[in-house]
Structures are given as structure tokens and as C-alpha cells.
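Shown next, in C-alpha cells, is the structure this report addresses.
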Amino acid sequence: MMESSDLINEGLTLMVFGMGFVFVFLTLLVFVTGLMSRFVERYLPEPVSAAPAAAPAPVTATDDGQLVAVISAAIKQYRSRHPR
Amino acid sequence: MMESSDLINEGLTLMVFGMGFVFVFLTLLVFVTGLMSRFVERYLPEPVSAAPAAAPAPVTATDDGQLVAVISAAIKQYRSRHPR
Amino acid sequence: MMESSDLINEGLTLMVFGMGFVFVFLTLLVFVTGLMSRFVERYLPEPVSAAPAAAPAPVTATDDGQLVAVISAAIKQYRSRHPR
Amino acid sequence: MEKLILLFTSSGLFNLQFGQAIMIAVGLMLLFLAIKKNFEPLLLVPIGFGGILANIPEAGLAFSAVENALHLGGPEVINAIAQAVGLDAGADLKAIKAAYGVSDAAAHVLAVQTAVDANFNNGMLYNFYTVAIASGAAPLIIFMGVGAMTDFGPLLANPKTLFLGAAAQFGIFATVLGAVGLTSMGVMDFSIKDAAAIGIIGGADGPTAIYVASLLAPHLLGAIAVAAYSYMALVPMIQPPIMRLLTTESERKLQMTQLRHIGKTEKIFFPLLLLILVAMLLPDAAPLLGMFCFGNLMRECGVVERLSDTAQNALINVVTIFLGLSVGSKLSADKFLDLNTLGILVLGVIAFGIGTACGILMAKVMNKLSSTPINPLIGSAGVSAVPMAARVSNKLGLEANPQNFLLMHAMGPNVAGVIGSAVAAGVMIKFVG
Amino acid sequence: MEKLILLFTSSGLFNLQFGQAIMIAVGLMLLFLAIKKNFEPLLLVPIGFGGILANIPEAGLAFSAVENALHLGGPEVINAIAQAVGLDAGADLKAIKAAYGVSDAAAHVLAVQTAVDANFNNGMLYNFYTVAIASGAAPLIIFMGVGAMTDFGPLLANPKTLFLGAAAQFGIFATVLGAVGLTSMGVMDFSIKDAAAIGIIGGADGPTAIYVASLLAPHLLGAIAVAAYSYMALVPMIQPPIMRLLTTESERKLQMTQLRHIGKTEKIFFPLLLLILVAMLLPDAAPLLGMFCFGNLMRECGVVERLSDTAQNALINVVTIFLGLSVGSKLSADKFLDLNTLGILVLGVIAFGIGTACGILMAKVMNKLSSTPINPLIGSAGVSAVPMAARVSNKLGLEANPQNFLLMHAMGPNVAGVIGSAVAAGVMIKFVG
Amino acid sequence: MEKLILLFTSSGLFNLQFGQAIMIAVGLMLLFLAIKKNFEPLLLVPIGFGGILANIPEAGLAFSAVENALHLGGPEVINAIAQAVGLDAGADLKAIKAAYGVSDAAAHVLAVQTAVDANFNNGMLYNFYTVAIASGAAPLIIFMGVGAMTDFGPLLANPKTLFLGAAAQFGIFATVLGAVGLTSMGVMDFSIKDAAAIGIIGGADGPTAIYVASLLAPHLLGAIAVAAYSYMALVPMIQPPIMRLLTTESERKLQMTQLRHIGKTEKIFFPLLLLILVAMLLPDAAPLLGMFCFGNLMRECGVVERLSDTAQNALINVVTIFLGLSVGSKLSADKFLDLNTLGILVLGVIAFGIGTACGILMAKVMNKLSSTPINPLIGSAGVSAVPMAARVSNKLGLEANPQNFLLMHAMGPNVAGVIGSAVAAGVMIKFVG
């Protein structure tokens, strides 16, 4: 029994220190991340990009949908015949 | 000569056992494959999929061909300028 | 001082032989490349390929530009939704 | 005629042991789960197939040259190896293997050389295992790929969710206690190292589990990897009951405030921040979290698209194939078919359950304290198993309230859990490694 | 001035031996065949280029550290190595190399260390060879990729074609007899192992040929690989005459019944079926057919697209580059420029011829016995060399009868031949390995 | 409590040495240059990140098992290693490390085994370094990829530009003299091998610099690689002033005649031609230029598209990731933070300057002698640093004369410079290696 209770002690210490450390570490991370976010907001603000980066070409909405459907089908067909 | 005729014996045995084993193995494989096919047909029939999986969008046949030609050319052109 | 002047000698010899060899080697390469080019021009002339290899399909110029713009946008849109 | 007999006596059928047949069946079952039920197929297909290959009788694909010589060799080679490891010629196989295991460098080299001279070589899967897992390289490279696929936006928008990632790791340490408890009751036989390796299943993270198991308890690697990946696939079954049990209807209806848009700069700073913190506080987690942050930095910095794309595709796929086969090579009957494996499977599901519960309880506490509402359903995503656990939270959220889109909110704790389990792994390697 | 002399004496031109010049020409010729005549370019370009690199005088790219020390080192290092392998200081190079070849582990390590301490290292190609071929990994990984590209549909639709795949392997064993016969007549000097490695050329399968040659007769690997890949490219020239000779006009016109559609489930079961059969009957073929079936399962199971795609592209391309260079490193004058190579080239083409003939004869027999018509032209595809042999059958079929599309019917025996030659390889490794 | 103390004493913060903190800052600065200023990001991101990882206190990622045992181990293991390398138990760390460095094979193996038995292993980055750089494989594979991306058309259209590629290499040898001069004045402490490795920075070619530095002066690899890649990124700043200084307005306006179209055959013959010349004249450059020509042949021959595409993408990206991390592992304080690094940085920029100047002067001379006009601005592109140096020539050409498109003309000397620096490297390896 001596030996097994020794084992349980090790298990307990591992749990206490384990969870303790995980919480300490992640709490620090929360704190530091918050600091970083505020720092970036103040000193390194990003120019609010007007149009979303990958906007499709300004095609009139109506025929765009139908055309895109055709094209994506063609692409799928093209891709099935030319597997990269 | 003794030594070389010994070599020929080894060659002959290898041929006999070699081809013998290849035929035994592949005959078994034919037999087992046939069994498996019948088993699958009976117990695990596949739902006959109606429309082929990657069917292109229902576009009227006429302008489809011409459009697909244009699109594949555009894709080839696009791909040459943007090598992945 | 004796030891360091020995070092400078080694440095000098390396420079003389180094640059010397680089020039000899590349001069030979110039000479041999010229020979090869003339040889190829005379004995292995290439059939002048008429149309450039990846020419787009013969689509009337006008709507081609606009169509290709739409298609490349569609491709970009398609690619953003299906990252390979 | 003698050739014919040789043909038959050396055939698989003749030498098939009962254990090997069972393990081939286990391999086939894993393939069934992966292909038909879509259980983490990218891992369980190679692992299942590797398991079948490892148990082909007489082929010795998963054995080292010495083990092959002892199994397939004649008496002279067996005696030669016995002498090499300091036993006299007549020693039996078990004793020779034990002596070989603890032999010092010189005896080790001599034994290997004797086997190779007698024309026995390392099995194909043994070589894959040595290169991929024994070196620790494969799990780390996959973790780099995972980093390159992870978007920390949702976490940065709501850093508090890191607490959920922390709480959900309690499953790991509870299971360590469970394993140690079972041993003290004499039911199981796990050392503290074994217990730690079993606990990490609760981390719900493949690469971390394989990395820790290969360091702390290589003999349990097969069972641990199978349990880890199976339970990750079972998340949509294990978590919902616990989530419904611990949350009230009103809590499940809670709608959370829109997440703010996170700019490029913050996403670049975060992995570096995390790396510095690991460097200062937990060097033992440096390999794991170092490669994870490297992958994430490559993704976000935007100037190394080629490298990030390769890390997420070609590189991670190649390494996954060999990692899977190497893990499969550990699915040998003597290591898998015993009580320990059963213990591992049971403890593994408990680890997941406790992790899920702690995540939800933590979320309930934080919901009380914090100004903005926190729907406890996102707490369960803290176990990581990215992105399934987040999808489960989202699904249950929608059931309770059709306008309640929790997916992005749940991604916060989900990716936080990856950091949490890597930190837990680091602590265990330090204390028990 | 002394530097200038050193520059000249250590230049390639000064030390160029006649044999090396010839082998560089052989390398260039292989490149010509691959680039201009499209002879299996994916293999013959790296093999040809590796052949040129291996024969660069004084560079020692294909030599180990010890061989480099003996070739380029001064007397002290040569004597030191002589003593390391147990000879006295004055021994000549040939004796030292022989002693080094058979030295035990300790002497081996001592000799290598002496060379490295004297600043001699393994050549670049020697390292590639050790990692890619000596370990057996490259041929197996390529065979996995081949499995991932193989569609067993046509074979499953007509399992009887496996007999054609079996019959066509007779070329392998006939050539073993040929090699052994030539030796007994004193014309050639092949051991039974050499004969087996030469016979496998008739298997018309690159990875299998390299795998068997590297196990049974590494010194013949260069010639065997070059012969195997050249003849596979020559299939459109070797096979048609034999096919026309052994088949009648009416037989060539035979139209075969439409193949039934094969469902997903059968295609998934087949590789597993084949694997179990190998496990039970032929463990020696487990590495080859194991990886082949793994690749095929990845292709068909549909849940690991990423892994299958990588196995067929990035992974197989990278391994092909290093496999080709490693095979090229074996194209050294002393091993290639002798009567044996001529024997190998002659025996190789005979192997292909006999294989083709047996395939066709078997098909004629089966056509007589079976209810549904079997056009003998598809028999020749049983030698594998996928997919060229099947295309040849199709071409000849069309010549005889424009409505006669044999391609898919010929693919059955074509992929069956891959299994056939892997089984033949397994048998040879067991009996002779 | 004792556990808590252990936790703190083994934390990074507690053991952080001043040098390590500085080096982490250097790593972060490299990342800043790579990400914000776009300084060769594909290399400097992994190198910078590797630098941070290598300096994580207590993690020992860049140390071998023996070094880790000496740093982190208790007295018994340190004494055991001391005895293994032939010192008595009380020896201090510095002496043990020195003895280990020069120990013969047997002592080496014994020391490693003692460390491994005491549960110390090679650091992750140490393993990457051994596989990628110590073997010489990574720089050669990247050089193969560079060859597959290089178009020799512009050079073939105007072979004379090879002279510019030759002249621009003078920066390499001038810097060797500089390093040797500084040593003789007692300011620095460089051996002839160190001087050669520093000179190669002037070759403005990453793989060549790393290959030469890993052979001649591994301890300076970190500083040399950082200097080489930083200066290649600084080409748009270093070169213009020198180019404006040495050329007159009229010379800068010179328009060069249209380049003739180069056919496929010439582009296929050129790499083979270059290979034969290397084989005959400079075997020491065979690995570098051999792999370079192999990559170029794969690109141009048109029959191995798959292999060429993989060599330029998946393969080169994977190798770049591990090469960068391995170089980063050499950024340790004791090797980087000393006067030598400052010397290297200064000498490196001088090398670039002299190389640029010589290229331009050569171009002026050739312009006088040659029938067709040669705009001296393309001379500076002879340092290679492909394609930036060619773009700089083009930009300055346009400034002087808007109709003057020099880009393709500058590509000639640009790719010639790659051959030039590889030849210079070969010569240095022969004379000093």
C-alpha cells in the first residue's frame, strides 16, 4: 500500500501543479493579449480598407448570378477532365 | 560441371515453384474476387445514382459548347499568368 | 608577424587563382556556348512555330475583354470559396 | 518436396497466431469506422492499414532487425545475439529481449550487427516509426501545419475565452488521477508516466497526444492514438448530453455580441507573443508550441504564402501518411490486447467528458461575472478537437434559438484549447518526463 | 606555380579514365532516348543525369567516404584504412576494398571514422542511394503512388483476366533459366540471385525491379533498371510482331462483351482482399503489395482525397527524382561496362518477348474454354508496363476491326500483371533472398 | 513546495542569460525586416524564427544530446561524460566541450550514449541541422529548384555577358583579402577558411553561401547566412549609388539591340554543356552546379513537367522551411554576439559593393570593344541575387531613358553571376577545403 499511496500523491501533485500552471499561463496570455490589442489599436491602427480585398469585378447583379453558375459548372467540368 | 548443373537445378526449381505459386495465388484471387463481387451485389447493393455526380448546370446545349470553349481558353490564359 | 604575412600570401594566391580560374572557366563557356548555338542553328533548326502555343480561342475581341474580366473575377471568387 | 514444405511452413496462414488475427480484425474495424462512419479518416485510415500490415505473420514489418532475427532466425543466430547481450547460449527468447532492451551502447550495436550479418533487417514500418515518431519530428511538423490552418481571430476578439481553453484541460489531469487510482486499487498497472500519457487523450489533440505518448509511454502509443482520434470523431455524440445536462434552456438561448474585426497586425503579433511567453515560462513546451506558432506566423504574415501553403498541404499530407502507418505499427497484439487498453479506452472517454463539463461550468461562471453575455454552450469547445467541438456548440445553440449563431464565438475557446493542451503537455513532460 | 600544377592534376580532364568517358556518353544517350524519343522520361532523365554525375572524375559523388579516401587520399590515410580492416600497411587498393566489403561491424566503423577524420565524406549520390534505395523506401513509396493511380474496375469486371497476368510472368522465370544456362555454359557469370534479379526485368514494373535488384544483386541494379525502363518504353515495338505472329486474323477481330459497371464498394474491398491473401500466403511480398494496396485503398475509399492526391503527385515526384539519381549512381564503368550488362540487355528483351507470348497463348486457351469471347490481343497486356501494353492491344485490335475497342478489356490483364510480377518477386525473395 | 521551486528554477525567465535575450531580439528584428520591409521573407522568416527558438533558455533546441546533458544535467552525468572523453571527473565544462569536439570515434559514441542513457536527447533544431545542412542536402536541393526556375534565354542570346558574371565575382576574393588583412592587423581572428566563407557572401547567392559556409566555417554559418540574405534584399539600396558613380549619363541612355529568340534545343544543350565543362575542369563544383544543371534540364526538356513543377514548388518550399530553421539554430549568442559578426557584416557589404563596381567596369570595357552597344548598367546584375539586381539595372535604365528596357538584357549577366559564384565556390573548396 505504501508504494501505491506514493503514486496517488504524485498524481495529485501533478494535477494541482498542472492545472495551476495551465491557468497561470493562460491568464498571463489573456492579460498580455489584451495589452497587445490596445497597443496595436493606439500605435499601429490599420487603414480601414474600403472595398473588401477580393471583390468580384463590377458586373450588373442580374446576369452575374446566372453567369457565375455557368462558369463554376464549366470550371468543375474543366477540373474533372484535367485533374491537377 | 557439377557445380553448374547444381545451378540449373536451382533455376528449374525456382521456375516450377515460382510459376506454380503465381498461378495458385492468382487463381485464389480470381475465386475470392468473384465471391466478393457476388457478396457485394447481394448484401451491399449500391443505390443506382440517377444523375452523374458532376453534371454541369442545366444550360441550353447550343451556347453551352461555345461558352465552355471560351471559358477553358480564359482559364488557360488565367493559368498561364498565375502559375500556381 | 611571420604567421600573419603567411596568411596574406594565402589570401593573395586564392584571389589570383580564384579569379583566374573563374575567368578561364567562363571564357571557355562563352566560346563553347557560341559553338553550340551555331551548331544548333545549322544542323538542328527548329520549325518556326506559327501561332503562339497558348493562344486563346478565336473570340471576337470586343466582348472577349469584358468576358475574360468577368471570368477571372468568377475564378477568383470560386477559388476563394474552394481553397485547394 | 522439401521446397514445398518450406513454402507452406513459412506461409502466413501456418504461423498465424490468435492475437495477430484479432489485431488484423481491429485494423479492419478501424478502416470501417474511418471509411463508412467518417471517423477522423485522414488518421484512422493509415493507422488501421498500418495495424493490418504490422500483424502480418512472418513478415515482421514492425520489428527491428534483432527482433526479426529472434523470431525468424535459426538457433545459431539466436545464440549469437544472446551472447552479444551478455547471456549464455541457451537463454530463452523473453530473457534475450529483456536483456537487449536494457543493454548498453556497445552490446546494442553488437546485437544489431549480428542480426544484420545474418541477413535480417529492420521491418518497413519499424523504419517509418524510427524516422517519424521516435525522432519526434512527425507530430511537430503536423502541429506546424495545424498552426498554419488556425485562425486566432475569434480568440483575439474575446481573449477571456482562453479561460475556457484552460478549464477544459482539467479532463487531462482528472484522468491521470483516474489511471493512478485504478493502479493503486490493483485493477490496472500504470506508472505515473503511463498515467500522464493516458491523460493527454483528454487534450483532444492528435499531434500533442502522439508527441507526449512517444516520450512518456511508447508501449501505449497505439492504444492512446486510437483512443484520441476515435473520441475526437465521437465529439458530436459525447458532448451534447453533457452540454444539455449542465445548461438551462435560457442559458442556451443567450445571444452573444458581434465579434470585432481583428486586423492583420494583431494576428501577426499573437503567435510571437505566445512564443515569448512559452520561452519565458515553459521551455518544455517549446518544441510543440514553437512549431505551432511558426505555422501560424507563416499563415498570417502574408509574405511567405508559398511556405504556408506547402505546410498546410503537401508537407502535412506526406507526414500524416507516415505518422499513421507508424502509429499502426504499434498495434501489436502483445501491446494492444490487454487490460491496459480497455483501461485507456474507458479513461479516455472520461477525460473527454470531464473536459467538456469543466469547460461548460467555467463558461457559466464567466457568464455571471462578465459584462457581455457568454453562452455556456461555447465552453465545451474548450477541449479543442478543432473544428468539430465548435460545430457542436453551434448546432446546440441553433436548436435552442434559431437566431443564435455561436460558431465564431465557439472557435475562440476551440483554438484556445489547442494552446491549453500543449501547455498541459509541457507541464507533464517537465514534471514526469 | 605549385598551385597551378595542383589545379591541373586535380582537374577532371587529367584524371578522366576511358571507362568514365564511355559512361558519360551512356548517360547522354539515355537522356537523348528519354527527351527525343520519349523513353520513360520520368525515370530515364534522372537516371541518365545521375549516370553522368556518378562518372565525373575526382568528384567521387557515387562513392562512400572510405572509397573516396582510397581513391583521392594520400598514402597515410590509405595505410590507416588498410590497418583498420586488418591488412598491413602496404596492401594494394583492390585487397583493401575486398577486406572492407566483408569486414565486421567494428572494423567497418573504424574504417569509416578514419576516412572522415581525414576529411573525406560520402558522395552526394551515395547519400541519396543509402536513403532512397538501400533502405528500400523509394521503390515502396513509388509503388504506393502507382497503387493510388490504378483503377481495378476493368479487372473486377472480368476477374478471369488475372490468369493472363499470371501467364505473362513466365517471361521472368524463363529468363532466370536463361541466365543460369548462360552461366553453366561459361559464357556469363551469374549466381542464382543475379539470375533472379535479371529475370524480374520481364515483370515490366520499375519499382518491383528496383526493389528486387537492390535486395538480391545491388551490383547489377544500374543495368537492370536501365533495361527494365528501356524495354517498357519499347513495348510498342517488341510486342506487335509477337502478337501478330501468334494470333489469327479472325481472333484479332473478336469483339468482347461490354464490361459491367463496378461500384465503389467492390473497389474498396479488392485492395483489402488482396492484402489479406498476401498476408496469409506470401509474407515476403507484404512490403510491395502492402504499400500498393494502401495506395489503391486511399484512391477508392473517397474519404482521404488529400492523402491520395499527395501520394500521386508531390510525394511520388520527389521520390522519383531521388530514385532516378540513386539508380544513376550505380552506372559506374566497372559495374556497367562488362559482358554481364550485355547479357542482361539480351535476356531482358527475351523476358519481355516470352512474357508477351505466354500472355497471348493463355488468352487463346481461355478464349476456347470461356463462354464469352476473349480477344487474345489483350493477353500481351498481362506483362503490365501500365498503360502502354494495354494501348498496344487496343491499337492492334482497331487495325483488325475498327469497331473493336479493346482498351478497357486490356486494362484488366494490364493491372493484373502488376500483381503478378509483385507475387513473382515475393516468391523469388523467399526462395533465393 | 519543492515542486514550486523546481517550477521556477527551471523556468526560462530564471535562466535567461543576457546573450540569449539579445539574440531573441535579433530574431524578432529579422522577422520585422522580413515581414514589414519584405527582406527576402522566404528565408529570413524561418531564419529569424529559428533564431528565437534556438535561444529559448533551458529548452536546448539547438544543442546535441551531449551539450544538453552538460548544460542541464547534474554532476554525475557531467563527470560520466568527462570520463568518456578522457578527462578526470572534476574537469570544467569548457574543457569537456573542447575534448568532446576533438574526441575520436569511440569516445564520441560513448559520450553520446552516456547522455542518451541519462535521458538527454538532441534538440529539435539540432536534428533539423544535421539532416538538412550537415549532410549538405538542403542547399543542393534548393539550388536544383533555382535551376528549375532559371531561364538561360537572355544569356544564350548574348553569351558575352558571362564575362560580367565573372567580373562581378571579384567582390568575393577582395573580401577574402579584407578578412585576412583585418586578421593580420590583429583586429579580427579569421583563418583562411573563415575568410573564404565570408567572401562567398559577395556571391549574392543563398544556397551557395550556406553550402560553402557549412563546409569551411560552420561556426560562422549563422552570421554569414543572415548577411548574405540581408544584403541581397538591400541590393536596391547598395547598388544604385555605385552604378550612378561609375557610369556617365550618355552610357546610361544606351539602348541595346533586341535579343534573338532562343529555341528549345539550345536551352536543352546549355545545362549539359555546363555540366560537362564542370566535370572536366572543376570536380569540386560538381555537387552545386550538377544539381543546378539537373533542375534547369528538367525545366527545359519539356518531358518531365511533373518533376520540374514539384522541384520548383513542393520540394523547394519544404526544404526552405527546414533550411531556414537550421540556419536559425546557429544564431546562438556565443557564436553571433562577437566582433567577428560585425566584421562579417562590414566585409559583406564591401563584397557586394566591389562586385557591383567590377561588373559595371567590365561592362564599360566590353562596351568599348564590342560591335553592339552594351549599357554598363547591366554589369551590376552580374552579382546574381536573381532577379532583383536585374530589376535595379532596368529601373536605372528607364530613369535615364524611358525607351530603354534593360530587364531582359540584365537577366543575361544576372543568371551568369549564379554560375560565376558557384565556380568561385568550387575553386575555394578545392584550394582551402
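A, B, C, D, E and F label the chains in the order they appear, each numbered from 1.
The working rule: a residue touches a chain if its C-beta (ideal position, glycine included) is under 8 Å from a C-beta of that chain, and two chains touch if they have at least 3 such contacts.
The shown structure was predicted, so the numbers you read here are calculated from the model rather than taken from an experiment.
Colleague: Give me the set of chains touching subunit E intersected with the set touching subunit F.
Modeller: In this structure, the chains that contact subunit F and also subunit E are C, D.
Colleague: Once you count every C-beta pair in contact for both, which comes out on top, C-E or B-E?
Modeller: Counting C-beta pairs in contact, B-E comes out ahead.
Colleague: Compare the CA centroid of subunit C with every other chain's and tell me the farthest one.
Modeller: Most distant chain from subunit C: D.
Colleague: If you take the mean of the Cα atoms for each chain, which one ends up farthest from subunit E?
Modeller: A
Colleague: Can you check how far apart subunit C and subunit D are, centre to centre, with Cα atoms defining each centre and the answer in Å?
Modeller: About 46 Å separates the centre of subunit C from that of subunit D.
Colleague: What's the distance between the Cα centroids of subunit A and subunit B, rounded to whole Å?
Modeller: The mean C-alpha positions of subunit A and subunit B differ by 40 Å.
Colleague: Approximately how many whole Å separate the CA-defined centres of subunit A and subunit D?
Modeller: The separation of the two C-alpha centroids amounts to 21 Å.
Colleague: Would you give the residues of subunit D that are in contact with at least 2 other chains, written as numbers and ranges?
Modeller: Residues 3, 7, 281-282, 313-314, 431 of subunit D each touch two or more of the other chains.
Colleague: Mind pulling the residue numbers of subunit A that touch at least two other chains?
Modeller: Residue numbers touching two or more other chains: 13, 17, 21, 71-72, 75, 84.
Colleague: Would you mind writing out the residues of subunit F in touch with subunit E in their complex?
Modeller: Those residues of subunit F that touch subunit E are 104-105, 135-137, 140, 268, 272, 275-276, 278-284, 286-287, 290-291, 294, 297-298, 301-304, 306-307, 309-311, 314-315, 430-431, 433.
Colleague: Mind pulling up the subunit F residues that touch subunit C in the complex?
Modeller: Where subunit F meets subunit C, its residues are 155-156, 159-160, 162-163, 165-166, 169-170, 172-174, 176-177, 179-181, 183-184, 186, 192, 195-196, 263-266, 269-270, 273-274, 277, 281-282, 416, 419-420, 423-424, 427-428, 431-432.
Colleague: State the interface residues of subunit E toward subunit F in the complex, per the touch definition above.
Modeller: The contact residues of subunit E facing subunit F are 3, 7, 10-13, 16, 24, 28, 31, 34-35, 38, 41-42, 45-46, 49, 52-53, 55-59, 61, 109-110, 113, 117, 119, 124, 127, 313-314, 317-318, 320-321, 325.
Colleague: What part of subunit E is in contact with subunit C in the complex they form?
Modeller: Subunit E residues touching subunit C: 3-4, 7.
Colleague: Flag every residue of subunit C that touches subunit E in the complex, lowest number first.
Modeller: Interface residues on the subunit C side: 13, 17, 21.
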